[in-house]
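Two complexes come next, and they have one chain in common, chain A, joined by chain B in the first and chain C in the second.
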Partner chain A sequence: MIRFAAREKVPRWLNYAVPLGSVILAVIVAGIFLAATGHNPLTTYKNIIQASITQPGAFSSTLVSMTPLLFTGLAAAVAFRMRIWNIGSEGQLYMGAVGASGVGLLLHNLPGPVLIVAMMAGGIAAGTLWAAVPGALRAYLNTNEILTTLMLNYVAANIMYYLIFDSNSYWRDLTSPSARVFPQGKNLASTANWPPLQLGSVTIPFGLLLAAGFAVLLWGVIRSTKYGFEMRVVADSPPAARYAGIKTRRKILSLMALSGGIAGLGGASQVGDFSHVLDPRGLEQAGFGYTGIVVAALGRYNPVAVVVTSFFIGMLVNAGYALQGPGFPIGVTGTMEGILLFCVLGSEIFTRYHVTIRAPRRATAIRPVPKPPAAVLPASAHEEVPS
Partner chain B sequence: MTDDPTTTRQSAYLNASLREGTPRLVGAGPVPALATRGVTKHFPGVVANDRVSFEVMPGEIHALLGENGAGKTTLCNVLTGLYRPDEGYVEVRGEQAAFHSPRDAHDAGIFMVHQHFTLVQPLTVAQNVILGWSRRRGIWFSPRRVEREIAEIAEQFHVPIDPSTKIWQLSMGEQQRVEILKALYRGARTLILDEPTTVLTPQEVRQLFETLRGMAASGTSVVFISHKLPEVLAVSDRVTVLRAGKAMGTVRTADTDAKSLAHLMVGRDIMLGRKGSSGKTNAAQAVLSLSDVSATGDLGTPAVVGVCLEVHPGEIVGVAGVAGNGQRELAEVIAGERPHTAGTITIAGRPQHGTPWEAIDAGLGYVPEERMGVGVAPGLTIADNLRLKSYREDGHGPLLHAKRGLRNATELIERFDIVARGPKTLARELSGGNVQRLLLARELSSHAKVLVAASPTRGLDVASTESVRQLLTESADRGVGVLLISEDLDEILDLADRIAVMYRGRVVGVLDRDGADIDHIGLMMSGVAS
Partner chain C sequence: MTGINANIGISIIVSAILYGTPLVFAGIGELFAERSGVLNLGVEGMMLMGAVTAFLVSQRLHGPNALVLLVAVAVAILASTAMAAIHAFVTITLRANQIVSGLTLTIFAGVIGLSSYIGESNNLGAIAGKHQFSELNVFGLAHLPVIGPILFHQSAMVYLSWLLVILAVLYLYRTRVGLHLRSVGESPRSADAMGINVTRYRYIHTLLGGALAGMGGSLFTLQIATNWIDGITAGAGWIAIALVIYSFWRPELLIIGAYLFGAFTSFGFDLQARGVISIPSEFWSALPYLMTIIALVLVSLGSIRRRLGTPAGLGIPYVRGES
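Then we have the complex of A and B:
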């Protein structure tokens, strides 16, 4: 039988060994899945590595795939870590793209660096405001932010479509007859292109550098600022935070705004780095916001770890595009993503519990009782610790 | 409180064993109604019960005495089938029993009255008694028949209660009687009561003891769990003392006294109480003053009604009352966690508008009733918990001073005797006494002028209780005004300079400690006197 006993102290090495082991397990399980669906696992893995890293240009395109995921991953990580369930990075990213492209179009006469900074500000502002709505509802009216942020994703998507497809808005290109028949956004001036960093054959998108900087910054904020400390208290126990005189409502609102701002900057990066146009269909199909939640969960909501996990998911996404074909539907990579997530999150039980498997005792003996989780132990059991 | 317990108890005991029919002989004595044989129960890191053996005779009131954390509750959970022992077994009327659930224990006639009642407030006594009890009847519920049966049992065991009353209309003492009735109705032959006197007034305690004696006289065995010596001496026939999970021995109550029991229980002599009353009700400006303060409870009903109260520097004011008469709400109102609907609150001269940060700023230290989750954030480290309020003083910038936090924590851990591996231990890993010391360390090391302590020693072992009380006294001696809210009347009588008694949200009277009479306070607590 299997016994679970809560670990009192988690050995340090376990914190690294378990995630590593779970990734290996995921590779094996996904291999079985591949074999079962008629793909040679080894060849597939080799192809994935080729398509995402070793082929010429593959690494750069993995970095491209990774960039928006790092933004949304950070947005989700920072919120989820503080137990604010912002599922709305998707919509906040759309609004960020709307804001950044609007600013980019409006200020096209300004010199490049100023224009780029203005676009970032536009993206951040739009994402922040979009997230502040459910944030305020949560903080002051205690509505469930999971529902409100999720619903606002659809609203944001519709706004985006409306701007390009259903109206003669400022964002829409109305200059040519063909653009009137096949609606599309106005292209931004080339001065609005965010400058990538070229390292040998590898192109690093400007947004990726920005996001990586944010990852480190957020890590520092959580770790060693008063704001981070307050958020940690709010996350652990809102009554304790209130007791300590922390203005919990403002903290919740500000955290939602921060999370939304990061997602919004992700939207700005999509426009500035890659598309240079507001492209509702492309953004919606990519689903960066939802994938970002996966990225954050894999990184256990640690901003620095999210850099690594967004790279891995970026690899998979990129390889998925490359391998896609009649014999290899895109759903296969999605399933692999799911297996990875399942293994990594599921294995967490091994860090928190001591799991032993042993043969059941002889039938005459009384069956041992599974230990209750620590939380329901009687007070007496804890008091017993010599004090 | 007892007229002559030994003679009456002893005869009931013998009668009972004769009534048992043909008593099988185990050694020389009669067969115990319930016994444990070498019961051992482990929890991660602790041995809650270590080879505990004890016997309860039919018709006997058997006290299990021990500090909080001595393993009493665990033992009861083994007796009632909630836990299975790792080693040893439970014996019922001479036969080994293997309980797989509380239901098995019920079938063997073993019932427990928990410290926290398990009654449904809007239902009647009768409905509560049969709730979840489906045995020996069909699907039809005949309220009148059940009520009649209950009334019969109530009469037989002298448990006066009207079966058709709704629970919310009853006092805590009466609710406890319902719990006892519930067990008797279901055929209890052994009744286990876990700290049954905590929620009762002194008068209700006496009534409970009468009931228990009546039950014992008719052959029911009673296991009475308590850490209060006077009660154990007053009601029990025999006492088994538990200490650190071990049974230290069983003695006849008639052959022992408080001192030797206390020694057995703690392993050394104990001294409680405030040594030498400072007795200063000085004329200085009050540091905490409430005038006509009212507030509503969680259900929107009035919980604090027109309370006027003053606490002066260096003074301990005790708030006595039966649990649930507005004491918790009063503490929350002062701390700014619950808005007051009327009146004014002034802390160190600064009027309060009902926010926690305002109260903290003005110099309020607060030990909330709920320590884990309110007073202490369980998932944070000791160091973080210690600077839960003082982190704001880490310079003016946005950064935390990590090193100072750790240094400060190390110092406080030392000074307040917090037993932990180090400042980075999570608060949830601490025992109850250490959590309370952690809380007090933070509240007392700040520059508080007023300290509100709500039930600060509840659930603590004797040593921790002693140290917490000492800390409260010391801070009063340093000039802090202390408002001590406690359901333990003895504690208030020991520590407080003045005693305010609360009943239904009102302060029905404020007494000087020296003129206080426990019976009078008891009457005030039940709203009879003022």
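Then we have the complex of A and C:
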């Protein structure tokens, strides 16, 4: 028998001990899973750390894997923190990539810095607009945003495929005969490459710096601005927000737009930092948007914590690419992310409740109670309550 | 109506049923879970687990077709029920947020998760299926015009799904247990006061939801397609969740919606194969998702004031003595 008693006050050490304990639990559970499927857990863990940190160049590639996850993690974190369930950062990121590559191709004559800023604006605008649709539906018609944002992911993927594979669009490379047979996007001019920061042997993508800046900014906005405060009221108590005269609908719409804009900027960063072309297959296979949900939930929707969790999930994702093969099938990444998140989610109860586990009481252990005389207890008390 | 048009009409209905049947199973399953107050967004992941395990069994097991298919579906049910059990434990016993737990389940079991892991470590990707559900000729009536192919020439799973809908309606509205289930979803507090074990009802119906999602998923590899690819369900799990909403949590409406979406899914293939119109294939692929959005908007237009059919306790963990 498991008993839960609500804690009057949460001891501060528990706020650190419980997440730490749940991560350790996840490592053990994932290890059991690996062992059960015929992989040596210790070797696998060692390989992950080698492939994502200690090998030459591994740390830089982890930063590459981390960059889009920080964007989508932040996008999910700001929305989820306010109980707006935007799971469309996948599609918003696609549209951001479409917007940024479109702008990058269109304005290729402009000098580098102007072009890069224009690409960012293109990515943000496309992501914002794509998220504003389900945002407006949720705000004004109360349409379930979980499903609409998710459905729009599939629609966005189809738009992206159409642009490259099924049309002669502006994004598609039609210059050579081979590009007509094997469809691919137009490459951007080299002036459109976002400049990375080189620190010794470590390369930090420009987009990562941008995203980290956004993380701090968002943390400040949520914590200490009027907008952030009102959002928190809307999230925690919609009736209170209405009585206080907060314009709930506009808040919801603006938050969805903000979340979509961040994801869209993530799409722009994919194009500007890494691929320099609109690559539908690569973006779809990566599933940055869905992994961003894991990143956000692990960081408990705190933008600064999301920087840390995106690094760890980035490690896992990068190891997934580097180690891909019989010893490390693709599915391991998602399975381990799931185990980790389930452990963290499930353990949160220990901060909120005092949990005691007792052996179930046996029927024989109960002392027999003498039956009251039939007359004392009316027969009706034994009958089932009419339903 | 000319003969050719009638044929197109019948073939659209037949493929609507083909693509709609997994949605019926998964949708009714999710409906049961939600009626008990548990929102499970892991349907997509559970369906994928059903699809991959069913395909694995159908590849590895040798024997008569019917027996192999039976075992394959049974294993699919076990696998997806196990997935639902994680969600049930985390949300009911440990009281975690149902939305986040459900999303986690879809990531855990989904395209880059366990289902893909099982597929890849067993090399399921490169092989063609050995056992498939085939259409029965019920009472020898399959050749009747119009109703023959629709009513008497379906696979066993389709007939099972029809039976499921009838049983679900009877269960929800005509039995005491069904009444208790609805009260658990509407007001767990009053149900608890009546002596109904809220936790047990929620567990059982979440697991039942998982089992049915697995059955629906198994159809993707045993009937609709003859192979396994990662993420083969392509969002069907999410459409099933949407179906529950716009059928107002009623099984008899859900099956209609499922066939409608089956039709949208097959529409593009059908018309393109016949060369009727030349609209980009991406448009047809996106159509079921766009129609889902439109349906959700229409439903919310109609129910801004009254939350039609939504179980009042949906998504809220029940803790005795806490408000």
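In this section, the second predicted complex is superposed on the first by the 357 of 387 C-alpha atoms of A that agree within 3 Å, B and C clash if a C-alpha of one lies under 4 Å from a C-alpha of the other, contacts with A are read in each partner's own complex, and residues count from 1 in each chain.
What we mean here is this: a residue touches a chain if its C-beta (ideal position, glycine included) is under 8 Å from a C-beta of that chain, and two chains touch if they have at least 3 such contacts.
All figures in this text were calculated on a predicted structure; none of them were measured in a lab.
Of the two partner chains placed by the overlay, only chain C lies in contact with A:Met151; chain B stays clear of it. Look at A:Ala5: by the touch rule set out above, it reaches chain B but stays clear of chain C.
Shared-chain residue A:Ile357: touches no atom of chain B or chain C. Judged by the touch definition given at the top, the superposed model places A:Val332 against chain C, while chain B stays out of reach. For chain A, the partner that touches more of its residues is C, with chain B and chain C as the two candidates. Once chain A of one complex is fitted onto chain A of the other, the partner contacts of A:Ile293 are limited to chain C, with no touch recorded for chain B. When both complexes are overlaid on chain A, the residue A:Ser224 reaches chain B alone and has no touch with chain C. When the two complexes are overlaid on their common chain A, residue A:Tyr243 makes contact with chain B while staying clear of chain C.
Chain A residues 6, 384-385, 387 lie at the interface with chain B in one structure and with chain C in the other. Interface of chain A with chain B (complex): residues 5-6, 8, 224-229, 232-233, 236-237, 239-247, 366-369, 371, 374, 377-387.
Against chain A, the residues of chain B that register as touching in their complex are 43-48, 68-74, 77, 83-84, 86, 98, 244-245, 335, 337, 355-357, 359-361, 366, 368, 370, 373-380, 384, 388-389, 391-392, 394, 398-400, 402, 419, 429, 431-434, 459, 461, 463-464. Remark: chain A residues 2, 4, 6, 37, 80, 85, 87, 137, 141-144, 146-148, 150-152, 154-155, 158-159, 161-162, 166-167, 287, 290-291, 293-294, 297, 326, 329-335, 337-339, 341-342, 345-349, 384-385, 387 touch chain C in the complex. Only residues 41, 86, 89-90, 93-97, 99-101, 103-121, 176, 179-180, 183, 194-195, 230, 234-235, 238, 241-242, 245, 280-283, 285-286, 289-290, 292-293, 296-297, 299-301, 304, 319, 322 of chain C touch chain A when the two sit together in their complex.
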